[in-house]
Structures are given as C-alpha cells and as structure tokens.
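The two complexes that follow have chain A in common; it is paired with chain B in the first and with chain C in the second.
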Partner chain A sequence: MTISREKKVAYGVLVGPAVLIYAAVIIFPILFSLAAGFTQWNGLSTPQFVGLDNYVRMFTDPVFRLGLRNNLLIVAVSVFGQIPFGFALAYIIYRRMVRGHAFFETMIFLPITISAIVVAKLWNQIFSPRGLFTELMRIITENDRFVLTIFESRTFAIVPILFVILWMYTGIYMIIFLANLQRIDPGVIEAAIIDGAREHQILLRVVLPQMVNVVFTTAVFAIAGSLKSFDLIFAMTGGGPAHYTEVIAIYMYLNTFKYYNYGFGSAISMMIVFLSLGLITAVQAVFRKLEARYV
Partner chain B sequence: MSDLTVGAARNRDVIAWKLFATVFMVFFTFLTLAPLIWLFYSSLKPHPEIVRNVFALPKEFHIRNFTRAWEIGSLGLYTINSVIYTATATLITVFLALGAGYGFAKFGFRISHYLYTFFILGLLVTAHSVLVPLFILETRLGIDDTRLGVILPYVAFGLPFLIYLSTTYIRGIPDSLEEVARIDGASYLKIFWHVIRPISAPAVATMTIFSFVNNWNEFVFVFVLTSKQELRSLPVGVNAFAGGMSRDYGLLFAALVIATVPMILFYMFFHEQLKKGFAAGAIKE
Partner chain C sequence: MLHKQILVAVAIVTLIGSFAFAGGQQDAAEDDGVITLEVLHYLDLADNTSSGNFEELVDAFHAANPDIRLEFDYLFNEPYHNKLQSSAIAGQLPDAVFLWPGKRTGEVTSSGAVKDLSPWVDGVRDEFAPAALSPQGPNGEIWELPEQVTATHVMFANERLLDELGLEFPRTLEELLEQGEIIREAGYIPIAMDNADGWQMQSTLLSALVERTAGREWFDRAVEGEASFSDPEFVSAVEVIQTLHEEEMFSPGINQASYGEALTDFVTEEAVYLIDGGWRTSNLTGEMTEDQYEYVSYNVFPELPNEQGQAGSTAIVAGTGFGMNAELEGEMADAAWEWIYFFAGPEGSRIKAEQGWLPAVDIELPDDSPELTLKLADFLNSTPGGYVIDAVMDAEGMGVLHPLLQEMMFGNVTPQEVGNRYEEWVENNDSGRS
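Right after this comes the complex of A and B.
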C-alpha cells in the first residue's frame, strides 16, 4: 500500500513547524558551538582553528575548576538532598501520616512558581546584615553584631546557595515521588500489614524496591538541572565574590558576553553538555548494577 | 508473640511514625512559607521601619512602596511584556507540540522515531550552550532586540517536554476513533482539529499551564538577546531594579511581591494541573 500524498502533506504540516524551529534554535546552534569551540574568535574576526587549546585552557584555569567544584556540589545537594527529602515528604503524604496533607503538599510545592530571580533577591535580603536570618542569629547567639561571613570564604561561600537550591526545588521531587507512589497497588501494602509488617518494613521492602526506576529518573533530572543552574546564582552573587560562587554556566557567560571570547565560550558551553552526558551515563551504569542485584 | 502484643507494637510504631512525620512536615512547610510571609508583610513597611525591626508587622499598610516601585521600576511595562512573551510562546508551543505529537503517535512513519528521539535529547540541552550561536544568528537575521527573537527560543526550548507529553497522551487514544472519521472521508488535518484536539483537552490543559509558568519565569533569553529597556520581561526588570541605585528595602520588597503575586494567584487555581505536568515527566511506564 502506498502512503497517500494527503497523509504525507498532513504529516509535514503537523510536524514540520516544530522540527523547523527546533532545528534552527537548538540543533544548528549546538553544532555551531561544537565547531566554534575549536577556534579562537571574538565574534568579528576570522575564527582561527586552535584544536583543543580552549579545553586545555579551561582545565588549567583555577576559576573554571572552582566553578566545576561548585557545580558538582550542586549536583550532590540535588541528588543526595532533594531526592531523599522529596521522597520522605511524598511518603509521609502517601501513607497519610499527617492530617491536612493536601495543605502541606500545596505549600511545599509553591516555590516552583516563583521566578529564580525573585527567590535570589529575597534570600539575599534574608542573609543581608539587616535580614531575617541575621537578626534571628543575633537573638539566638546573643551577639548583636553577628553578620554572615560565610560569603567571604572561598570554601564555603556556596553553602547558602546550596541551601536556597534545596528550598526551591525539593517540592518538585516530592510531587514526582508522590505521583509514582500513588501508582503502587494498594493491595500489596494492605497484604503486608495483614501479614504483620511494621512501617519500616513496608518502607524498605515493599515501597523502596518499586521506586528504584523513579530514583534513577529523578537523578537524571537533578544532574541535568544542576549543571544548567544559572539564573539563581547569577542574581544572588553573580559568581562573586572573587569567583567563589561561580558555576560553569556563569563562567561561560562572563567569558563570552563580557570578554568576547566566543570560541572559548562555545567550548565551555559544550563542556556543560559533555559533563551532563558523562554524569548521566555514570548514573545509568550505577543503576544497572543496582537493578541487576535487587530487582 | 501473641496477636495482642503484635498489635500493640504496631500501634506504638504507627504513633512514633506519625509524630516524626508531623514534626518533619511542619518544619519543612514552615521553612518554605516563612520567607514568603516575611516578604509579603515587609513589603508594606517603609524602609526605616524595616531597618529598625525586621520582624515587626507593619504598623499601617504602606501602599506607597507599591505605587513607587511600579513607577520607578517601569514594572507596568515589564508586566505587559511578560504577558506578551508568555501568552504568545505558550500558545505557539502547545499548538506545535500537539500537532507534532499527533504525527509521531499515529502516522506510523519510520522517521517519527528519529525525530522524536531528537526532541527528547533536547531535554538535556541547556539554554547556555546555544546562547552564543543564537545571539550571532539573531544578529545576522536582524531579529535580535525584537519580540520575535525572544519568543522563538522560548518556543524551541518548550517543545521537547511538551512533545513528550502530547505524544504519550495521543498514543493512548484508541485508533478506532480516528478510523471512523477516516471512513467518513475526513482528512488528517480535519481529524487533528475535530477529533484529536478535543479529546486531548486534559493534556492540553496540563501542557498550557506547565509552559505558562516556565515562560513567565524565563530569564536568560531576554537578558542576553535584548538590550532595549522596552523589551525587558518582569524577571529581567526586577533583576535590574534590585541591582539598581535604590537601597530602599520597602521598594525592593514591593517589586518582588509584584513579580510574584500573579504566579501565586495562578498557582491557586491551577496547582493540580501543574503537579500533573511535573509528575508526568517521571512516571515510570
């Protein structure tokens, strides 16, 4: 049977525009970045092919390494903070351990609607010398000259940002886990209770094994999302002071749009994609092993 | 152990869990809400009052913060821009994603598989990896510093997830509905509009709301691809306002509240759909 001309035309009309926009705005620029990453170029000059120089330069730059470290910390907080907290909250709601769970669920998910810029400015204000946190600490420590000095520490300046990231995004993971928990056959849990299973046994033996795939999916989300983080940190600290809170996306932004190193900037942006793919592949390998052992 | 002691142990167990759960939940909710509540009531205090005592509730509603922030920060203009960007981009993205979803789910063409995978891979691409070439491309085409130049990347980056949602949903629609319409002699495009689109209404609702929130909060495209003040969106405008000359906390808080209130209202009405959107991304098949 030959496919009718009408069907082909309809397919083109339905799928074509989406493919066209997607190719023009994402696929073509990505390929362009990949190529530009091997050149030295300020956007106006003729690009000079420099091989892997940009990538070498990146890894020898202490600022990039600090950014990479900060990015990996964000990944860690997302995977080992947001996912377990999100799961714990979802489990509490799913097992009806609190009254008024709908209220709690709605409130914890709320920050997702607020722009990262607003969140950044709000928390800056909270941590400022006249902020909520500072004044609270002054009362608790009985030191009325307390100020948050952590932002001036090369090692720990990122910590308040990690906290805000946890504050902002844990609700998403709660919602994802809750949706998946609600797909578990309730009969299985009832049967376990009739058999005399205690709550921790239900959690560890009945529920968690069914969540392995979901933990994997959320881990992929968390990694991809973490490496992209830009808005929040850009609006909170701009990567400062002295690059202490810089992440790779901000490093890319500054090099490209402030110093006009388009070639170098392209290489950095490709690095974000490579890191994303690398980490996700690693996570996938870990989960294959886990699945082989437990499922 | 007799049944009775097992039952008693279980009861004690349940009480301990409930206690822990309640403490954990209340603590987390308090932590989520306290900063927002503080923001809202502080926005009604004049600057000196905020500096004198950060905790105190406003003595009277200092509405002037809002009127002045609105004026000085040109927030009216930025709100209009945000509405234009968000509404246009959401409408286009949902429409294109629904069409593509129908094509991928029901036409049975081999190319669909490759195109679909291509879109799904897009979920990993960060906006930043295309900013440079996109900026150059838009400059060459002369659409940098235009509304079109902002809306195009909004649409492109919205497509992967919405196509995932629409394709999954339309796959679940029974083929028989389409076949009946075919026998009646309806064209594919007619079927799309009169059969697929109405049946997909619940998916369209989720897609629209999800896309709306994302577009409203989008920052980097307007920030990088435009330089004219008249084109700023609310997040970009608020960022500029907060980094500006004014050290008046009352004004700053009012500006932050203005940027937040529309989304909180939106959330009150549509949070169920929004949850569906986020959850759909990670439902195991």
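Right after this comes the complex of A and C.
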C-alpha cells in the first residue's frame, strides 16, 4: 500500500464513523422531513401524498403568519439588539472604561448560564397576575385588579418576551466580542493614540474593521438561534394567550405533537430551514461587501 | 506499517464494540417470579397532595400483589401526551398507560396500540356506574377503565363569605352579576378561574352553558352537521362568558393565570366562587381545613335566560383511567389488568374515596369519607349532565376554539365570530362531519 493510499484509508476509518453518525442524526432526518412535508400523516398510519397542500395551508394560516412575524421580530432583536449591545458592553470592558470590569463581565454573562426554563419561570413569576411586578403595581395604583395587559395585545404581547431574550442572550455575544477584542494587537491601538486618534476613531478605524468577520459569525448564530426559538417562549407563555406570542417552532410543535399532523409539522420544520438559509445568505452578501471595503 | 495497521484494526473493533454495548441493559419483564410492568402515569409530582395520594395507592397495590412490580414514569400536561404519542408511534408503548375516554387520546386508542379491555371488563361490569362504561371505541371497545365519572363543571361556593357579605347563592345569571360589585368592593374575587392554557374555559364552563342554552339534542345535530356552531344556541352560551368577563366577575388576568392559581385563591378565601371540575375535590380535601369543608358548597351555574337544555345541569364525561399495551399477552396482560382494576375498582376506589375522589365503581362510601367527597357524590347523584365539548369534538378544533374564547375576552372578536370561525373549522376538518 502506498503512503498516499494508506493515508486515505486512515482518514476514511477515522472520519467515517462520525460521518455516518452525522448522516444518520442530521442528514437523514432533514431528508425525511422534506419528504414527509409533502404528505398527510398522523404518525400512526401510512402517509398520503398531498403535494404542496401543507405549504399552501401554512401560508394561508393567520396563526403561522403571526408566528413568522414574531420570529422576525426576535431575529431583529437578536441581530440589531443583542449584537450591538454585546459589542458595546465588550468594548467598554475591553477599554477599561469602568472599574470592576470582572464584576460586570460576570453579571452580564450570568443569565446565559441559567436554564431557559428557569429564566422563563422566573419572569413568569414577575409578570403573572400574582407576580411581583403585578402586586407592586396594585399597591402603587391602588387598583387590586391591575394586570399587565400587554399580553392581551396581539401586536405587543411579544414585547416582554423580546425583553427577556435580550436580557438573557446579550452576555454570550459580549463574551465572544471580548475574546476577539483581546486578540487585537495592543501596539496598533497605542500607535493610533500616539498619532492623536480619539476614542471614536479608534473604534471606527481600528477596532471595527477587525471585527467584521466576528460580527458576521455572531449574526449567523443569532439568525439560526432566533428562528428555532422554542424553550424560553414555550415555558413562559406556551405561545399564548390566543397564539399572540407563538413562534414557528411552537406552531410546528403543536401541529405535530398535539394534533398528530406529522406531515404538516415536517413542512413547517423545512420552512424554518429555508428561512434560516435565506436570511444567512442575505447576511453573507452584506458582509462580503463590508469585508471588501474594510478588511 | 504493521504497527499502524494494528492500531487501525483496534480502533475499528473498539468502535463496533461500543455500538454493541451502547444499547444499555434491558430489564427482564419477569425476574424471580415477579412480573415488572412499565407504567406511564399522568401526575404532577410538584402537587404534593396528588403525588402523596398516589404513592399511598401504589404502596397498597404492591402490598396486595407482591408478585407484580410497577415501575412508573410520571409526566403532566402536554409532555405526558407527547410521550404517549411518540411511544405509540415508535411501537414502544409502556405496558400500562393513562388514557382519556374521548378524543383527547383518541388517536392513540384508535391506532391499535391499546388493547380492548372488554373481555376483562365484562366480568366486573356490574360493579361500575353505567355512565362510566359507555363504549369508547367504534365497536364498543373499552380502552381504559375509568376511575370516576367526572363532572367537568362545578361552581364551588364559600358559604361563609356569602354570609359575611349578606348574600346567597344566586338563582339566576342576573343575580350573580348583581353580586359582582358587592364582592369586589369587599376585596374578594367573585369567580376564581384560570385560563392560560385555554381548555379550562371550554371544559369547566362553556360545556355546561351549552347544555343549558342548546341541549344534547342540538349538540348531537351539530356534531352531524345538521346544526351549526354559529347558531344562537351555541353563541348565546359564549355570550354569557363575554358578559361575565366584561362585568369583571372572573379573576383579574384570567387568561394569563396558570391552572391552579384559581384553586389557591379559593382555598385562601380570596374568592367567593370557584369554577372548576369535580376532580378538584381531592385537592380541596388535601389543602383546606376541616372547618372549611363545612362551608364549601357544590353548585351549578345559575339559571340562564331562555334555557333550552336541561335546567340546573353540569357537563359529564366518563373519567380517565389506565389501559394496556395491545401487545401484552398471557401473564403480562393479566398483571396489567390487576393494576388497572385495582386503580379503578373497589380496592383502589376505597383508598381514593378517603382522599376525596368519587369513584366510578359502585361502592358504598364509608361514613368517615371526607366531607367534600360526600358532597361531590350528592352533587353527581342529583345533577343532570350534558356533553363535554372536547370529549365529543376533535382535539385539533379545540386549538381553534380555546384561543377564540381568549380573543373574545380581549375584545378582539365577538361571540358570533367565535361561533362562525369554530363552525368553519368544524365544517372543513372535524372527523364527525366527514
């Protein structure tokens, strides 16, 4: 056996099992879901081919459209809220603009270390009709029937959940940006200072251009994570009341596991994949231009 | 070269070997003559009353049946139904599972995954109330042995608070509404209810109201498509809920309150009335004091204007209970039946009656049964019942009806729109109309 062939055999033996497992756990389910999305199937009987009926049904269902809108709001909060906020906090800590930076790092990162279910129950205890916030407001307003009515608004019911998502996940982006900021050669910043650069010029001309790739990576994480949001929202509101806080993942879950519509649920899961790919492709196009300009 | 080939061979053997051992150990169904059954049970382990009561029942079963060992997996709410469903689809249903009589677990029971208990039930049929053993399958199958006949609507009243406020239980809807302001000004909640999950309003109130405004005959015709949920008979029942909400009769934030919060308000005497199912008797027995038992009364919703159904009615359905995996045979099936019959039959029912459950089996309740159990028994014996909507209509349709009721209470749809949109879904999708 030649050395080259020997290497190929070794690669195959060492990588093969992982590829097989990946194919079995990731690739096969995706292909199966794609196929099942064209069927009517309750999981117990034989699937019946129905073509694009599931996709037509999805887009004509106002509950799906509301879930899609909620998901896009979560994407927006993640990309335009968590990332800039996380970067700003990381930059402040990196540039030592506050004392006790270790304390702030810990406190900002702490929410991400708590289970999403615990976070959901925690905020439920604050916002619920018997929660801390509600009881305080009843005392302040002297109205013992006060409740937080934002959850009863079809338009704004998602807002408290967006707030919790922002609170919970900003810390992870702060850490990612902080780690990458610490990789910047301090000599470059010192040189800029010697040349008379001000803080905003250091940020815009020195730091940000080196963060373009990191911002792209975090944007991809934010989009993928936002479109499959489930645990926090399901534990907090279950997608209710009246579907007002429902997202696509909960819509998929209910149709699949509560109403035994496995074919329809598979189509919804593929829609999540398509949306993720579409948005990530769009983000890629934007960042290619930024990369060409700044890197 | 040889060294590398040996290393590669060792790696392959180790990998293949690890797959063989990855399956873990499987318990033997029979070991030393003891039959072990895997049981999936619907139980909230965070509910100390219910879980403590159930533990007592299981201990009694094990003491009476030393040759049978039960291994439980407990889940509650939607996670229970998810596991039941996925187990059935995977062909790995536990030996015994907790089931509902109607469409709540209908997909599983109609799939062939659950065994028809009729051969065993026929021998003990006379021990049970007739209503408990109504046919559950299309050919008269019995999928689960009900532990009780359930009234899903009871309007519990705190008579002590009524006396304190100079009130009596209202005879009519109008009288109830007039009480609202008096009760609120005294700092109490008129009617404690929680509806965050949506099913509570349909099951514990709307079903009973529909029996009053429409009656069973209308409902039978609506299931067949000869009547419509956009008819005044149904819409007027929905209007009652809207009126109650607009008049601030319910707990504040009812549609954000999780199931159990209303019970707490009633037990702590912050609410004058509680609307919930008869199954709450066991919780009330466990959480209230003996003094409180005396002044809790069991009632139905007051009289509505223009009632067409049974006056003074509630909504009744055969209760939940255990069924068994269709693949069980011989000793395993007999052992599973031993548990199923113990749970719902005379022995288990006697234990549960002491805990506040009213059994489906016809036993004479001991004189020292909890006071609230005796009150529930009197209530069921004297109160006619209509259908529970979610026992008769498809589960997926409840995913339309429940949010519509919530949206109506938010002021975003009218009662007529609730009826129209639910009817539209039923017309196009409900299995009863096809």
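We adopt the following convention: the second predicted complex is superposed on the first by the 255 of 295 C-alpha atoms of A that agree within 3 Å, B and C clash if a C-alpha of one lies under 4 Å from a C-alpha of the other, contacts with A are read in each partner's own complex, and residues count from 1 in each chain.
One rule holds in what follows: contacts are C-beta pairs under 8 Å (C-beta built on N, C-alpha and C of every residue); 3 or more make two chains touch, one makes a residue touch a chain.
Computed from a predicted model, the values in this text were never measured in an experiment.
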{"item": "First, second, both or neither for A:Ile150, with chain B first and chain C second", "value": "neither"}
{"item": "Partner chain(s) touched by A:Glu6 [first = chain B, second = chain C, both, neither]", "value": "both"}
{"item": "Chain A residues touched by each partner, larger count belonging to chain B or chain C", "value": "B"}
{"item": "Touched partner set for A:Leu277, first chain B, second chain C, both or neither", "value": "first"}
{"item": "Contacts of A:Leu14 with chain B and chain C, given as first, second, both or neither", "value": "both"}
{"item": "Partner chain(s) touched by A:Pro129 [first = chain B, second = chain C, both, neither]", "value": "second"}
{"item": "Touched partner set for A:Ala242, first chain B, second chain C, both or neither", "value": "second"}
{"item": "Touched partner set for A:Tyr22, first chain B, second chain C, both or neither", "value": "first"}
{"item": "Partner chain(s) touched by A:Thr218 [first = chain B, second = chain C, both, neither]", "value": "first"}
{"item": "Chain B versus chain C as contact partner of A:Leu89, first or second or both or neither", "value": "first"}
{"item": "Footprint overlap on chain A, comparing chain B with chain C", "value": "6, 10, 13-14, 17, 43, 130, 257"}
{"item": "Chain B to chain A touching residues, read off their complex", "value": "6, 9-10, 13-14, 17-18, 21-22, 24-25, 28-29, 31-36, 38-39, 50-51, 54-55, 96-97, 99-100, 102-104, 107, 109, 112, 115, 118-119, 122-134, 136-137, 152-153, 155-157, 159-160, 163, 187-189, 192, 213, 216-217, 219-220, 224, 234-236, 238-239, 242, 249, 252-253, 256, 259-260, 263-264, 266-267, 271, 274-276, 278-284"}
{"item": "Residues of chain C defined as touching chain A within the complex", "value": "4, 8, 11-12, 15, 78, 81-82, 85-86, 88-89, 107-108, 111, 113, 184, 187, 196-198, 248, 251-258, 261, 395-396, 399, 403-404, 406-407, 410, 412"}
{"item": "Residues of chain A defined as touching chain C within the complex", "value": "6, 9-10, 13-14, 17, 42-45, 124, 127-130, 134, 144-148, 151-154, 237-238, 240-243, 254, 257-261"}
{"item": "For the chain A and chain B complex, residues of the former touching the latter", "value": "3, 6-7, 10-11, 13-15, 17-19, 21-22, 24-30, 32-33, 36, 43, 85, 88-89, 92, 95, 97-98, 104, 106-118, 121-123, 125-126, 130-132, 135, 167, 170-172, 175-176, 178-180, 183, 196, 198-199, 213-214, 217-218, 221, 224, 227-228, 230-231, 235, 249, 252-253, 256-257, 262, 265-266, 269-270, 272-273, 276-277, 280"}
